[in-house]
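Would you mind keeping the following structure in view while I ask a few things?
Note that the chains take the letters A, B, C and D in the order they are written out, and that residue 1 is the start of every chain.
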Amino acid sequence: MNHQTDTFPKLLSDNAQRLASKVAMREKDYGIWQSWTWAEMRDEIFALANGLAALGFQRGDKLAIVGSNRPRLYWGICATQCLGGIPVPVYQDSVADEMQYVLEHAEAKFVIAEDQEQVDKMLEIQDRCPNMQHIIYDDPRGMRAYQHDHLHDFVDLQTLGREFAQAHPDYLNQAIAQGQGSDISIFLYTSGTTGKPKGVVMTYDNIILTARNSAEFDKLTSSEEVLSYLPMAWVGDHIFSYGQAYVAGFAINCPESETTIATDLREIGPTYYFAPPRVFENILTTVTIRMHDAGKLKQRMYNYFMGVARKTGVKLLNGEAVSFKDKWLYGLGNILIYAPLKNTMGFTRIRLAYTAGEAIGPEIFDFFRSLGINIKQLYGQTEAAVFITMQPDGQIFADTVGIPAPGVDVKIADNGEVLYRGPGVFHSYFKNEQATRETKNAEGWVYTGDAGYFAENGHLKIIDRIKDVGRFNDGSMFAPKYIENKLKFFPHIKEAVAFGHEKDYCTAFINIDLEAVGNWAERNNVAYASYQELAGDPRVYQMMLDSIEAVNRSLASDPLLSNSQIHRFLILHKELDPDDGELTRTRKVRRRIIAEKYGVLIDALYNGSKACFIRTEVTFEDGRKGAIEANLAIVDVPTLAAVKEAA
Amino acid sequence: MSPELLNVLEVIINGLLAGVMYSLVALGFVLIYKASGIFNYAQGVMALFAALTLVGFQTGQIPFAHVINTIFGTHLETWGPGLPTFFAILLTMGVMVLFAYLVERIVLRHMVNQAPIILFMTTIGLAYFMEGFGDLMWGADIKTMDVGLPSGASTWFETMTAGWATEGSNYPGMYVDMLDVAAAGIAILLVVVLTLFSQYTKTGRALRAVADDHQAALTVGISLRTIWVIVWSIAGFVALVAGIMWGAKSGVQFSLSLIALKALPVLILGGFTSIPGAIVGGLIIGVGEKLFEYSIGGMLGGATENWFAYVLALFFLMFRPQGLFGERIIERV
Amino acid sequence: MAELTQDGRKIGDILLEVKNITLAFGGVKALTNISFDIKEGEIRAIIGPNGAGKSSMLNVISGFYHPQQGEVWFRGQKRGPMRPYEVARQGIARTFQNIALFKGMSTLDNLMTGRITQMHTNILWQALWKGPAEREEIAHREKVERIIDFLGIQAIRKTPVGRLPYGLQKRVELGRALAAEAKLLLLDEPMAGMNLEEKEDMCRFILDVNEEFGTTIALIEHDMGVVMDLSDRVVVLDYGKKLADGTPNEVRNDPAVIEAYLGVGH
Amino acid sequence: MFYRESGDFKTSYSADQQTFPIRLDRHVVYGILAFAFLVVPFLINDYWEKSVLLPFLVWAMAALGLNILTGFCGQVSLGTGGFMAVGAYACYKLMVAFPWLNMFIVVILAGLITAMVGVVFGLPSLRIKGFYLAVATLASQFFLVWLFNKVPWFYNYSASGMISAPERTLFGIPVTGAEAPPWMTYLFCLTLVTIFAFIAHNLVRGRIGRSWMAIRDMDIAAEIIGVPPLKAKLSAFAVSSFYIGMSGAMLFALYLGSAEPNDSFGIAKSFLVLFMIIIGGLGSILGSFLGAAFLTLMPVLLKNIMVGWFGWPADLAAHLELLLIGALIMFFLIVEPHGLAQLWRVTKERLRLWPFPH
């Protein structure tokens, strides 16, 4: 590959010339979208890099990045790479000792922290991280009183850098020139579903090649607009708002704060958008809820035209032929409903949207596609620099994740596990040879840990984590995740946990969606004081029962999974919560922990009792601990006989 | 006494008499403003309307004759000889009460706690409406009003005052119109009655309570609505009286509604909320403008009454922004 | 003679001093022979039971009331009789006991109005807008946006303040006073009618203001706890007379003060 | 429903605080202006000029002026008629004295003269507030009208006591007098009104406008945070009278052609303009136009219906019209005291959120 642009610093210089006056980055700050062109951004980054150099930053030093999506933090990544260092973005919402593990493990010498809050965390764990030498902060608010001997204000550091550049004009250029594609570009720590996070080591080639391939696959241009709101530590954000942005040269936009993302999304109106299924799910839920308050006429209009859209929209998007009448109706609907709706959601300009990480509900998927939003699924993981399979335009199916990404080979192992190989395949796990060997074999095949198979249309279908795929006592396959997803497709079910491994039949925990169910309660004036009370309401149980029966029906129709029909379930008295370790930061279910925590309940599900008492420790927003008690009803669900394939 | 002096005296007396008329109209404003905080611009038109109605009843006109004729091509005029003055007045009073009721029902109750300026504009709207309504109902032509009040110069006063003049200066004596005197008399009577009413009747006390604070009024046990109706009715009567006087003096016609404009300076002078203020203010202005016209007006080309009252009030305000008897405005942070 | 507080803030020379102020309305004496000073960079509290004349004192300082006797010295100069807006131009900003925001305007406009003393382009440029007027507008907008950010009221930037809840209105009013970038900030019961959380925020803001911008602050407050935590020195008024003056501790243990407060049953 | 704001974001303060921040609004306004300037002149005829367009423009100008004083600075004035008279007579004297003077200059000078008069009559506002002030302003109304009646110098000793506009040309085309073609007078007024509407907007969105609104919303607080009441109020009176003066000049020179104090500038006119801004919306530039449109077009409409269709006698129609206007005004004040502008604001919000209710 062209070694002019085989590292990000080189790409930066290149863009700064080709797209000098084109906006590279925006941030909603002080009421307007502050903008930086590629040229300006280069200068900022170089100033920072020189500043770091002035602090004695050495090749191979690690620099941790702690904070939400801020331009200066993104600059931190590239500045580090300029000096041949390794950036280590960290999940900023993780608690101090989780952070401490990552920083210590990564041997971070430098830290760029967003604000006082993050700096405080750093200072708290400093003594346990011997390598940590310098902390640079972005927002000076409240930092005045701090001891500044190893604390640096971002701007001051840049000034320092500019002076350093005066003294050593070509230091930086040399440093950049030394870098090459095979060098380490970044550590991305996976929030491991089990055990401690692993540091995935990526080379420039990994990121840049993957970014380039995928950009070509979707014809991304320098005119895209992206909203960068997902954690910087997550590989997805690193690809979508860093890798692809540098490769294609498009602009990324940082929201004002976590709380204003919706408004910022609406203002920016991205052309290229990634979100995990639950985000799209939330959007749909809010749309439905807000429409409930609308006037009769509006509602009728909305329902009618959404009907039209379901009938026509998807076809139009897939370029299939539709009758003139439908086209005309859709056009009318577009004026009256779709376009305004997209406008309020911020999707007016959207050209391409991706979702991944979890399976997405068909009706959610279709809702957006029928509006003319080209939302597609991809299947990926950190170790692959995201892309393993992706859906080509026009071949979109809700239940499959598409065909192998360009340059990637995918095969299914005998045990049903999905394996892949390609340019994005990670270098290694940092300081964890064994894990590396377990995951990546000699020929470079990576074990995804997911069970799946290629459907007859050549698209990959993921069932579940291979290690979660269990067997019922009768030996038939039990795929909890698959069942849980089917449950979670219902708007009023937020989380679900299915059990059945080495049991006779399948059972489930349900978490209701407070927003959706709460709204339902309001409309049917069901009074409730707390989440717990609402969850315990018999009418809510009935609602869940109906949904579960529906799931059973669909399961019955699948010969592989007909035994997985849910026989009994209960509604949990509290929301499963990352802070209680029940979910990962990316909201994946931690089965082991849940199994331990709620053992009594699981037993109750199988010993036929009608109710069960439970007392649980909880962590509140402010970190205080407490306990809640509840007596949970357990309900039996009618099941159907398996439908024979013939039928 | 020298004729000049006597002339001045004459001017003053006439000024006082005119002033009483101003006070009379101002009174209507004050009543409503005190009770409902509404600055009722329509007061003048109410006088016109009352006068029109009265004349209509007296002469037995058919209401809306003009309209009916236009639409149905009929030629209606009157339904008979008309009512004796006394009944006509009673009937007119009834009409004014009805009017007060309707105003409260249709307009006021929708306007509770609106900005004063909005209320004010509403009453201007009301004025327009009533003017159009009155004209449609009774026709816009100028009518003469005769309720049997004395009028013309008072000869004995003339002869009496003629005597005061110094010998030899064949001074004709002062001219005083009987009508003005009568009007003044009635106005004074009305004020007395009103004062007694507000002092010694339950309703009257309630009214005063409202003026001080609306909550208090409710505790007195009379609904604000009722009170408003009462107040507007009273204002209606006052308007009727004023209408009669001015009507009798210079015919019943549109210009009658302009007496409202005469009353305004009286109000700022006397203060929106003070009945004595209205009276004293009226007298000051009456005398003031007459004197000014007599002494300086001529040099300025006359007709200074149009504005003198206002300019007087204006300068007065510069030194006492809350008017003669109005409550003091205390500024706080 | 700059001294340091234990939390490392600098306290400078006397910024404002009132000498033997006596203020009367008609016959009633609101203030009798009051004297005290406010030093650069400190947080000064004025406390006292209701009707002690605290607000009157503030109104004297901000030039709204003109005392019959006594002098006000600001930045080393005796202040002649002044209209309130002239006082404001000297660099004294304030908030009011019962919020006095401009209800018809947005949060942003309220804050911009707070900077009115610093804006000067003449009416003709204003009419033209493009050019000096717009440049000035933007320059001040940038300053105001810093304050909006500082107070965390971005979300209500363009909302008419009339529609805001009480707590936020208080915050906006503080913002308007901050916008003036005054030397001396007078806060008249900044926490009146707030819930605990709002009070904590407000305390935080007051301390930050004093720390970040080094603004001198004089505040009236009923909540003793708040006063004692916040202020460097406290002056106690009662029935228009000065009861005590000193550090929170001195004041707390002053018998006269205790008496007065037990008197009104706090 | 028609708004597509997503993607229409602001990267600078000047963009953020421009006159029409929303793209669609901007385009619509440009469209309307283009139509008014480039199309209407070719369609206009005498009837439309004299009974619809000119009155609308003239009164819109007056409404702008009064709205600045009453709507933005909170000082109620009933002297509008008087100030219009000042504008008219100033215009007349200037036209006669300097025949060569460009008509635009004349009108603007007339405005300036009125502004000075306005300041004088505004002085009381420093002591007097609210209704007292409102009534006090009537003094100027009556005094001025009386003045122009009584002092022959103002109407150049003409026997009738009326003033009538001599013919003046602009680029060789008569703009005043009987010969002036409709499109010329129309374009003349349109240009003035457009320019000064924008100027008014610039004033109210900047420092001066804020000082006015501060005085309006809470004068004491305003003074304590540094707004000099004298400057604020008098500047409001000056600017307001300036606009009203110009409208008076336009009313006389371009619309009526001749004028006489009592009928043309009587107290009724003062009320009319006050109605315009209240029905249109206090403190809103747009409102001034809506109000002016409503109160100039509606009578025309009513007349057309009653006289034109039903063939009723004019006097009857006049009374009915009076009655209806009075009723309509009351109706409006009851249903939407904040005026048409507010009505529009609400509708717009709904359109922006469409299909959601809120």
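Points to keep in mind about this one:
Quick note on the criterion: a residue touches a chain if its C-beta (ideal position, glycine included) is under 8 Å from a C-beta of that chain, and two chains touch if they have at least 3 such contacts.
Remember, it's a predicted structure, so these values are computed and weren't measured experimentally.
Pairs A-D and A-C differ in how many C-beta pairs touch across them, and the larger number is found at A-D.
Farthest from chain D, judged by the mean position of CA atoms in each chain, is A. Our note on geometry: chain A versus chain D, Cα centroid distance of 58 Å, whole angstroms.
Note: centroid distance chain A to chain C, computed from Cα atoms, is 48 Å.
Separation between the centroids of chain C and chain D, computed from CA atoms only, is 42 Å.
Taking each chain's centre as the average of its CA atoms, chain B and chain C sit 52 Å apart.
The set of chain A residues that touch two or more partner chains comprises 31.
Counting only residues that touch two or more partner chains, chain D has 13, 220-221, 224. Residue positions of chain B touching 2 or more other chains: 333.
Every residue of chain B that touches chain D in the complex is listed here, in rising order: 39, 66-67, 70, 107, 110-111, 114-118, 120-122, 124-133, 135-136, 140, 261, 264-265, 267-268, 272, 300-304, 306-307, 310-311, 313-314, 317-318, 321-323, 329, 331-333.
Listed in rising order, the residues of chain C touching chain A in the complex are 7-8, 141-142, 145-146, 148-150, 154-155, 157, 208, 211-212. Of all residues in chain D, those touching chain A in their complex are 1, 3-13, 15-16, 353-358.
Against chain C, the residues of chain A that register as touching in their complex are 29-31, 141-142, 144-145, 256-257, 259-260.
Within the complex formed with chain D, the chain A residues making contact are 26, 31-35, 225, 266-269, 290-291, 293-295, 298, 301-302, 335-337, 339-349.
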